[in-house]
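Questions regarding the structure given below will be posed in turn.
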Amino acid sequence: MPLFCNLALTLALALVLFGVGPGQAAPAAPLSEATQACLDCHNEATPGIVADWKRGRMAQKTPAQALKEPQAQRRVSAKDIPAGLMQVAVGCAECHTGNPKSHADSFDHGDHQVHPVVTPADCAVCHPQEREQYGRNPMAHARANLLKNPLYMDLAQQTNGVPQAAGGKISMQPASPAAEAESCLYCHGTEIKVLGQQSRDTGAFGEMSFPKLGGWPNRGVGRKNPDGTVGSCTSCHTRHQFAIEMARSPYTCSECHKGPDVPVYKVYQVSKHGNIFYAMHKQWAMDKVPWTPGKDFTAPTCATCHVSLLADPGGNVIAQRTHQMTDRIWVRLLGLIYSHPQPVSPETWKITNADGQSLATTLDGKPASKFLIDAKEQAVRQKRMAKICQACHAQGWVDGQMARLEQTIKDSDAMVLAATRLMLEIWRQGLAQGPGKGSPFDEYIERVWTQQWLFYANSTRFASAMMGADLGVFDNGRWDLNKTVRHMHDWIKVRSKK
Amino acid sequence: MPLFCNLALTLALALVLFGVGPGQAAPAAPLSEATQACLDCHNEATPGIVADWKRGRMAQKTPAQALKEPQAQRRVSAKDIPAGLMQVAVGCAECHTGNPKSHADSFDHGDHQVHPVVTPADCAVCHPQEREQYGRNPMAHARANLLKNPLYMDLAQQTNGVPQAAGGKISMQPASPAAEAESCLYCHGTEIKVLGQQSRDTGAFGEMSFPKLGGWPNRGVGRKNPDGTVGSCTSCHTRHQFAIEMARSPYTCSECHKGPDVPVYKVYQVSKHGNIFYAMHKQWAMDKVPWTPGKDFTAPTCATCHVSLLADPGGNVIAQRTHQMTDRIWVRLLGLIYSHPQPVSPETWKITNADGQSLATTLDGKPASKFLIDAKEQAVRQKRMAKICQACHAQGWVDGQMARLEQTIKDSDAMVLAATRLMLEIWRQGLAQGPGKGSPFDEYIERVWTQQWLFYANSTRFASAMMGADLGVFDNGRWDLNKTVRHMHDWIKVRSKK
Amino acid sequence: MPLFCNLALTLALALVLFGVGPGQAAPAAPLSEATQACLDCHNEATPGIVADWKRGRMAQKTPAQALKEPQAQRRVSAKDIPAGLMQVAVGCAECHTGNPKSHADSFDHGDHQVHPVVTPADCAVCHPQEREQYGRNPMAHARANLLKNPLYMDLAQQTNGVPQAAGGKISMQPASPAAEAESCLYCHGTEIKVLGQQSRDTGAFGEMSFPKLGGWPNRGVGRKNPDGTVGSCTSCHTRHQFAIEMARSPYTCSECHKGPDVPVYKVYQVSKHGNIFYAMHKQWAMDKVPWTPGKDFTAPTCATCHVSLLADPGGNVIAQRTHQMTDRIWVRLLGLIYSHPQPVSPETWKITNADGQSLATTLDGKPASKFLIDAKEQAVRQKRMAKICQACHAQGWVDGQMARLEQTIKDSDAMVLAATRLMLEIWRQGLAQGPGKGSPFDEYIERVWTQQWLFYANSTRFASAMMGADLGVFDNGRWDLNKTVRHMHDWIKVRSKK
């Protein structure tokens, strides 16, 4: 008994004193020689990165161990992982030295060819399925979807360009690459280009040469990488701990989904789901795989509904993990300028509407149907989402919620149409210079109109989808949709009388 | 000693390994046969609900155990609880099958008459005092207070209606029930009506019949229920864990108290109280009853000041628990259009001012005094609140704070009056069509005026009450109150010259 | 073995059952007789304060113990602490009875001369270095910097004054002291004046006399205190626990740095740094001294970059602690009306630009260079900050980030210049009454212009500095900077035609 006592005590004390919990340091996996060489200097050169990495699972498990997990718990999707990687931690060298020839950013550093920019191709060595799914996601194409759409680029320039006033007249300097990189492309992704090499005195480690990178730093979802790939897994899987609880936290998504154009996180914040998360998540198991509603958590985060593998307490799958977020989304609430069924291809810049614009609808709302998923596919995706809702809600509840969203889509589109008809009238009367004569975004009243669809209609629809009432009423919601129509009407009245 | 050691060890290990803490699963209470029958299917049909419920106190304690708690710690207010409920967990059947005849939503389901909508009458079996107090609260009457007030309904329609533009003219389609349900009535409460029965293939459980409910889903505070009651305890006591730490968390209140019309949560967020909560609450005992300032928590949440039973470390009561939140509130800061003493009756739609409107003040600020509490009752309520402040603040601090609030009420009302005088002038000059000729909310300049009292004056007053400076200055505060007056003046200048 | 077992068990159980963790009650230090006398009544009179204080380090360690900590961990900077304080807890009497003669707010209370307002001079008994550094900080002079700058005071009056409308004309009542105290001076600091004595029935303790304080309550950073000092340590070191994790939490800074004029906290909220904090900080050691990036925390809070002593896991110092926040800041992003190098003196009201205004730049952007730090000092400070970044980021990343900020400063200043040129044109044409003829802030269009530099330019620059893209684009960012220029242009067009 004393012996048992002693053993158990050791365990109890270990648990108490070392606080082994989610994300905390477990015994480390063996290191490759190459990673050990990195750490020999980087323990001192970038101590924060090293300590952060040590907290993570990739420092604690070898790929061989990861592959031995039962299928449902497994977090790697590769069937074959190169033998050289199998028995060591996934450390500095494992991610930053692979495929040196495809990486234009590779450079001689110590005894290795190192590349600063880790890309989806690097992650895909162990996570090929996730990479493949993510590539079918509009987010992976976010850069091209913006840059190759002339209308979007006009809006971007009218946002980021630098206005100048002289003699009462306004002119416009184009946006600088720096401004683009930290505004639109912060999320959509820059292009990382190797501009040359530069030598630098690193202090303790002497003079060293590094590649000079354009478009850096960036971790936008559609980043164009020096190995020719697009995307950045670290947008959500934050370096260098790569904790799954981070990717599952709503905060992560908020980085790109909080502004007035896409206030998804703001809606979540005032929703019942969000309120439960904020109040209770310190008691949850944010890192369990699979993830069990009610047991591991009591309200969904963004990842729950859009990405995660969910199972009931008996292990029955509720939803398969997907990194193609549109798998569970049937309609595109982000109206540019109206909402519409999800596009068939993630490369939305290839859409052409009846008026020849790269938009899924025309200015009066006609959808470019052949580029959009059909009713059958919409139903399939809606059903996938409904099944997740039904883990915690009876079907009557879910049906009622879906019906409201459908009505809100109609109402908000009608409210955009009303403002757009006034805009067309303004252009017709020559009170502002519209398409054909100038940018549709460069005059004051055009910006008032733009906010109707870019801010208020989107806010109202997202509020409906996730039950965040405020955002659909007085906080950039229906109040503002109605106010804008009167604002435009009032503007016309003063000017057209003359 | 080894024996003690072993026993203690088991305890220590149990505590460590099973992480028994707030809201975590303790040993379950025995289940009624009826609840067991529910669980037999619902473990699979709605696993999230079941697992969520198991985390809560109602799954872990029988009413008999709850009644044995010392008075101060007790969370049930009933003196007699039906014998059949006493020895079992408060499970599915206990809440969803009682009073089947009064529930129009009851339907045959398995061997029971089940009603989906649990109402205050159901909760009152164990919590009669809370129900009774809450019924004296304006929140319990939030639906009627909105729907039976013609001016409010006009504002609601001007918010949720769908505008249409043709030939440069604006017309208006009335708001759909779906839009109302997810905007105003999301918080104020829908009416849940049984529209009929519908048959549904439930998959694993075959074809079954369910009631089809109108106004569903909803958990608004003033919901009209199928058993004729009003209100919804689950607005704050979130299903199905019903954790007291959830109701006490400020997040819960934010669901309906964050928009620009009532930015209470936004004020709390930047207040010192809020900042302490966010930084430190992971170390607090959010579930202790009674709740002890300084010991269980070091800054108040919404519940602390407005609802909770508070005691000092010696057990002396600082404030009695109340579910009539107005017990501790003397003035109504939500100005429609001016602030005023709290109404005597929670049914505010019954108020009539000197101009015959269902408002507590006239347009020029005259209070409908006979519908409002008198100075003596105001003093009683203010003193109740001050006593809570004084748990942590000396009286000089509290007096200073109260004096500032009083001044801010005067200033903000004067700023609303200035804008209202301009609005009256606009109507007088015929620059907009006011009362008698049209809605006071349907034109652009009327909406500018509306924001003065609905957004900025409210924001400034709430900021004063809870020391959240930003919201009283540049973030919808005094800056905006002053700006709106100039905006209206500027608007008149351009138009009245002609 | 059983004996060891038993001892260890006691320890394990103590740890588990009493949850000794950050901020939780450790064994208390001995109390002075004077503090014991305070507690005898205040346990009952203000139980919340007492319980809160007991949670803190000052209740648990004597100054003698604190001085024995190794230099790097030490939190007191005094070399000599008066002998009478050395062996007792830092309790009520230690802070509230020192230097009674210098404290105009001292009053006879029990057997002691007590002062309600604890000031930097009181804290400096143990923390002289922190006080001295903080005094070199513009924040310590925030009150005078506002009150002695005529332009700022005009803006304050145009914000807090109470407008009145009669006969279509607007007049203005000056702001009340109460309004000033809870708006600008809430953060900048009031003046605490002893207005007299007042007698009060304290209930259990009978009739007592207290000083009546003007400007109270307040804990603004530049508060003018009854002992002649300025500042308030409790702005950030929140009473009465004074937990270092509170001062290090971003919430604390949000109290004064969240509004649209200085949306620093809002930027942090959507930044990657912020997202990591919110998702992961429950696993962090928020109270370690020194603080080790990657190990104790995995993303910076405000304090990390601006205040804290940072060391790597080997104990090498990354950054020395500073309470002069400008030590690590080279440029002033808060543009009034343009950004500029940090002022040499923290007393910014002493700056005079070429046009004789107390502003660091003229209206057309010319800096008052002799009052601003030179390029060399800017480089020193930037390097200090960069060293902190480099704990977790390679230099290429940091260089790229710094270059973008530099460009954004230029762009945003140019966008302010464009709006300002339009404003000058408006004044020239007599469409509004500008400097010389009236306040530059009292008309509608002047307020539109003010928002350009006070809200949107600041937001864009802070977003750039901390990578919070939204705030630099659509959420009071570049979109709004461009929109305002068009708004002003549109406003001129309608009016100048007549």
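Order as written gives the chain letters A, B and C; numbering starts at 1 within each chain.
The working rule: a contact is a pair of C-beta atoms (placed from the backbone, for glycine too) under 8 Å apart; a residue touches a chain by one contact, two chains touch by 3 or more.
These numbers were taken from a predicted model, which means no experiment stands behind them.
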{"item": "Arrangement of touching chains [line / ring / star / complete / other]", "value": "complete"}
{"item": "Same vs different contact residues, chain B with chain C, by half of numbers used", "value": "different"}
{"item": "Rounded Å distance between chain B and chain C, as computed from the means of their C-alpha atoms", "value": "33"}
{"item": "Set of chain C residues in contact with two or more other chains", "value": "2, 5, 9, 12, 16, 282, 494"}
{"item": "Of all residues in chain B, those that touch chain C in their complex", "value": "1-2, 4-5, 8-9, 11-12, 15-16, 269-272, 274-276, 278-280, 282-283, 292-295, 298, 312-314, 316, 318, 390-397, 400-401, 403-404, 407-408, 411, 414-415, 417-419, 421-422, 425, 463-464, 467, 469-470, 472-475, 477-479, 481-483, 485-487, 489-490, 492, 494, 496-497"}
{"item": "Residues of chain A that touch chain C when the two form their complex", "value": "2-3, 5-6, 9, 12-13, 16-17, 21-24, 43-44, 46-55, 116, 158-166, 168, 170, 173, 176, 178-179, 181-184, 186-187, 200, 202, 210-213, 216-217, 219, 238, 241, 243, 245-246, 249, 251-252, 254-256, 258-261, 282, 442-445, 447, 454-455, 494-495, 498"}
